[in-house]
């Protein structure tokens, strides 16, 4: 967004604001107050909490410090809807979010409106570039929560024996006759390459600073691993062969009784999968999703390949289009790949890399509470790249770094293989 | 209910059915779908679950086996709303009840109507005495869940930092000028007494068989211990003096950091208490509630007295009126005792006895799934007597045995002292 | 022990002291320092700890308060070897007892000698009856720990894949040809009976006061339930039939995967049992041991009988001899019953009763730290009667009340059936 | 070891074998059987286990597969003393190692002799280079366990209220008058550098393959952070300031109540520290030890610096001597640094780097069970470099990669600061 003036930039941001905030609200359509309140595990948050917390972000970082005479919607909300910003004060404990039956979903909608009106009323004259920066950050933050909204509601509904659909349009026609193309390896020469954000548009702090990385020659698979290939791994004893697994992974798999991806159910010999459309047959041609890093790594070892590093992935991704199967299609399931060539790097499933989420050389935490954004999470988590079928269109980019602990499975996480040349 | 004919008995029961079922439904007025869905701890159940489970009881034990052509409202509900009846099949795990955002509160209301219509349509001609017996049991079961409905919603709202009131009529006028009468000891001679249900009206299986018990001379306090007396115990170091406590109680108090009754908050030196009316000042003249058996026992030791046995309590209770402060007054808080004499044995607070909940001599479990009613809980729990301010009027009687594990605090449980003569 | 003078009483006690203390020391023969140090679970204690704690008892309650110029063996030992006496000060946490590799077994033996010399040096002239009372209590306490010494070392060795024997004399000849006599029911008329300690010899505080109890007519089985009968229960699905079990028992059995008594191993279709003599075949004719109260209750329900109350057991036990298979025989395993009539009530296995361990009417805790003896454990535990094959000869008596939580299995606990007449 | 012939190489290895195996045995001198048996936490192992497991390694990987007619010392030992080699069969569960009171310490010494005799009897004629490779690996493995032997016995003794010394020679004279030199920053230019093992001597699999790494200009502190500097961090509220901490670190610090390094005790205002020499004053001039990665990272943030990457550390270490304060001095405590210049990189304390322990580009797991050596641990752990005061002399080298989870504190782990230029 290379704007001419602060006021123009603000005006553009307000347009984006309206659109993105409205998208979030649309996600809640069809959910009951109860659906929006329950919390299915400590990692997940209630829908209502996502709706409120994103508003709290704008209120706390944009409105309160920068807008004179702004009136808090409700002073208690700072305690209730702070997520992890230690600098902003005490917080409601994360695992107890599902007990907040009040405020109601309607209260939260009113809270959203209150914040939205105040943000839209910000006048171009008085606006500082700091406000624009924070607004932009808030919108990208909002989009992150749009994705979590969907993954968390899926997890909640998956716990319900009734297996309700989040949205249930006509069933997808699944092309089963011809599978996806064979895996083809795309070679890259390596060398010293530039990686990380260029600085010409928004990026999160962890994507910076842009720096050089040294790559060895490598090859990347043309598409992601499919459910059908995963089933072969399972049938070959993949989940029962210790030598394929990292030690921590083997322990996690044993302790949690993993024998298939999350949400798979063996229904009398036929594999079903809980989806946002309810319980549906596993699509063997589509990319596998809902696997942990540990499982991805074991699969790659079994296959005789490895996961790419995040720098390899980013380098390769510059050669492909960044379109793909994102949330905006409301498909909400990964799509079988039909294109030849290096394809599907964006959308469908987040691809686990072998890179731990660590600071880029020269990384500095920003000042203030917003500085807690990503830096404090830089231990124990692994980088994923590319976005998924529940990521908002336009949210990801080649330099985008997502990250989760290696045992997490409730995101739309899959894998693409790499190997040395 | 000494009825002349089965049909008359049925008709009377149907009248009672309408009234009691309607009372349950009224309890849910003012609750949102979310309020009715959340589960604040494994011991508690969602309101929606209480509404559904009591209906499931009638459906499973009355309608399905006895009413030809009865159509199940929803075949999945047997799995969802079975509580602990192993004989009736698999169950949704108790700690996950709060994740059942579907079926909705409206669905459950429709379920209740469906069951109610079927019960009301039972024709007097064809009716067996077995149906009447089960209907009567179902209504007493329904009343038990009315009380749990209230204690569980209080526990849920107490977890919410907003401290919402369940119902908030005008504040109670609290008489503070003159406290309750001093503790006066009422003497009983002891000897061999009859105890347990006489058999002339409904009673639960655990109240039978009537049998002889041998009592030694004892004295019972004229009223329950008050919040003011409890505060004295606290100020005297009661929670920090190991010698007052049972070993398991001392461990529980240490592990859970007990230093006051459940729901008490120290608000800058003034004690507040979460109630069904929201956060309110502790009424020092009212009976103490929300204490565990361990605390009750420690208090009695500190006082130089003891808790009564359940047989002592029952024997003494025959000499008093069974009226009192029950749920029907919608006070929902224990009331300061103003009467002289042996008073307040019924209503206000359940009174912990020193008697473990064990079978009466000659106790036999009934046949069939209903036989799982009380017998299987006869280990590790302590008997409480007399009902509370959230017990439905008419539900308790002198022989009524309530029981909870000795560390439980979320019921309206208090104590009345006893001593040897 | 109706002695003529305090000095004579002391002298007799010192004789008993030497004998009993020596018996304890003999138990440790053959154990390594490591054997004596390890702790296999929080419920169990290291052998070394038993050896030290019993000495600490004499030091703390007899020597320090009553013997002028007594020199502590080591001031740190009060912290290390206090068990649960809150009044005596801070304690080393129970689950960490196995980390006390120092002091060594030899140090503890020296501690025992130090204490023994001081006790034996107490002069008859100066002695108070209080010292005699405490010495006598200390010896009965010592005998309790002799039994725990054996049950705890069995539990430790059972965790070792090598299944070492504690003592391994020639194998017991097991009479397998003719089983035990059939179960014969012995009738008792009931009525008001006296129960509890008469006061003419030593008894623990919990056996007092003697009082009246009201018994209904009952029958007691002539012998304990055997391993063979238990195997029939197992083969009939006893461990998989919820309706036989108390609710807490069913949960315990599921959570801990109980499918046989503790220490039973299925060795290719033949049942083996870890014993103090190492791994040996299960003796089908011998009384079953190492079962919890929950299992005993489920068996009785399956059989169509019940467990006796402790008063029934005590009343019946007055009609039998109190000899039996105790630790002194060094058999260390229950023995098949061969006698006709009401037999085997003492020794072989502790017999679970249906009575919770509660205070007798009029029970008072003694003053001082010794007053913590039994009273504080009077919740949540069940009474067992009669002693076992690892109880010291002469330690139990008809009024003796042992008690454990209902899920405990590592004691030599079995059952004898009862029923109503 | 560039040997002329396999037989010569074997002979040299056998000399080294005798020496190193003897060093291990010497470590056990002065320990009792009990000391050698206890396990103070799941992360630590009993001394006896270290003594046995290292022997098992030679038996399993050298003797059994390669030496005809080798007789197992005891067939049960494969089950007891396998550590984590899934390919070699079932294992005794790690947290239960402390319950193996049998075999005794003497049994284990006999086991060691049995294995040693067999290894020393290997004849040069018949020897394959594979045997030499495995012997060499076994000796480096043995040295790793020498260090763990010491850190684990320290942890055990630290749990004992008596705070026994492992070895207690005359107290160290502590130079307190003049502290260590100020921190001086040593600059490095960066660029593409070679890193990892050159292949001219023994190295673990994880040190290979040698490869290029791209470094940015950086500076490294001339010495490690001292206890005195750590105390300043503590006094400045370091443990109470969330903004200094990684999120997982903050949680770990809160959950475990960290407020000082492990083994520090505040003795009436003076800091004491449990050491292998017993409880001793904290030496403010010596390098801080027993801190987790999380603490190291928080300290660096507080200081305004960062931890070095493992490649930076390795690159810088080539410019310094590899002598230092190792286990052979039997000092067993970090030593205050007195040298100017870049000093103390080897010995004293392992230095946390900011690098997760991941495979080097092109890393391949070796075949067979030995292949489980390091690769399976390449997730969730952080690299430490340089060895400590309990590392055997000659064991570490510039390319050596040690690794632990970021919350571990019982190793002699400290830190050296780095910063960007």
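By letter and in written order, the chains are A, B, C and D; residue numbering begins at 1 in each of them.
The rule is short, and it goes like this: contacts are C-beta pairs under 8 Å (C-beta built on N, C-alpha and C of every residue); 3 or more make two chains touch, one makes a residue touch a chain.
Treat the numbers as computed from the prediction; the structure is a model and nothing was measured.
Student: Quick check on the contact graph: shortest path length from chain B to chain D, in steps?
Tutor: So the least number of steps between the two chains is 2.
Student: Work out the mean Cα position per chain and let me know which chain is farthest from chain C.
Tutor: Relative to chain C, the chain whose C-alpha centre sits farthest away is A.
Student: Report, in whole Å, the distance between the mean C-alpha point of chain A and the mean C-alpha point of chain D.
Tutor: Roughly 38 Å separates the two chain centres.
Student: Cα centroid separation between chain C and chain D, in whole Å?
Tutor: Distance between chain centres, rounded to whole Å: 47 Å.
Student: CA centre of chain A versus CA centre of chain C: separation in Å?
Tutor: 60
Student: Pairs of chains that touch, anyone?
Tutor: Applying the touch rule to all chain pairs gives A-B, A-D, B-C, C-D.
Student: If we count contacts the way the header does, which residues on chain B are in touch with chain A in the complex?
Tutor: So the residues of chain B in touch with chain A come to 32-38, 40, 48, 76, 79-80, 92, 96, 98-105, 156, 159-162, 164.
Student: For the complex, give me every residue of chain C touching chain B.
Tutor: 84, 86-87, 192, 211-214, 216, 242-243, 245-250, 293-294, 297, 354-356, 358-359, 361-362, 371-372, 376-380, 406, 420
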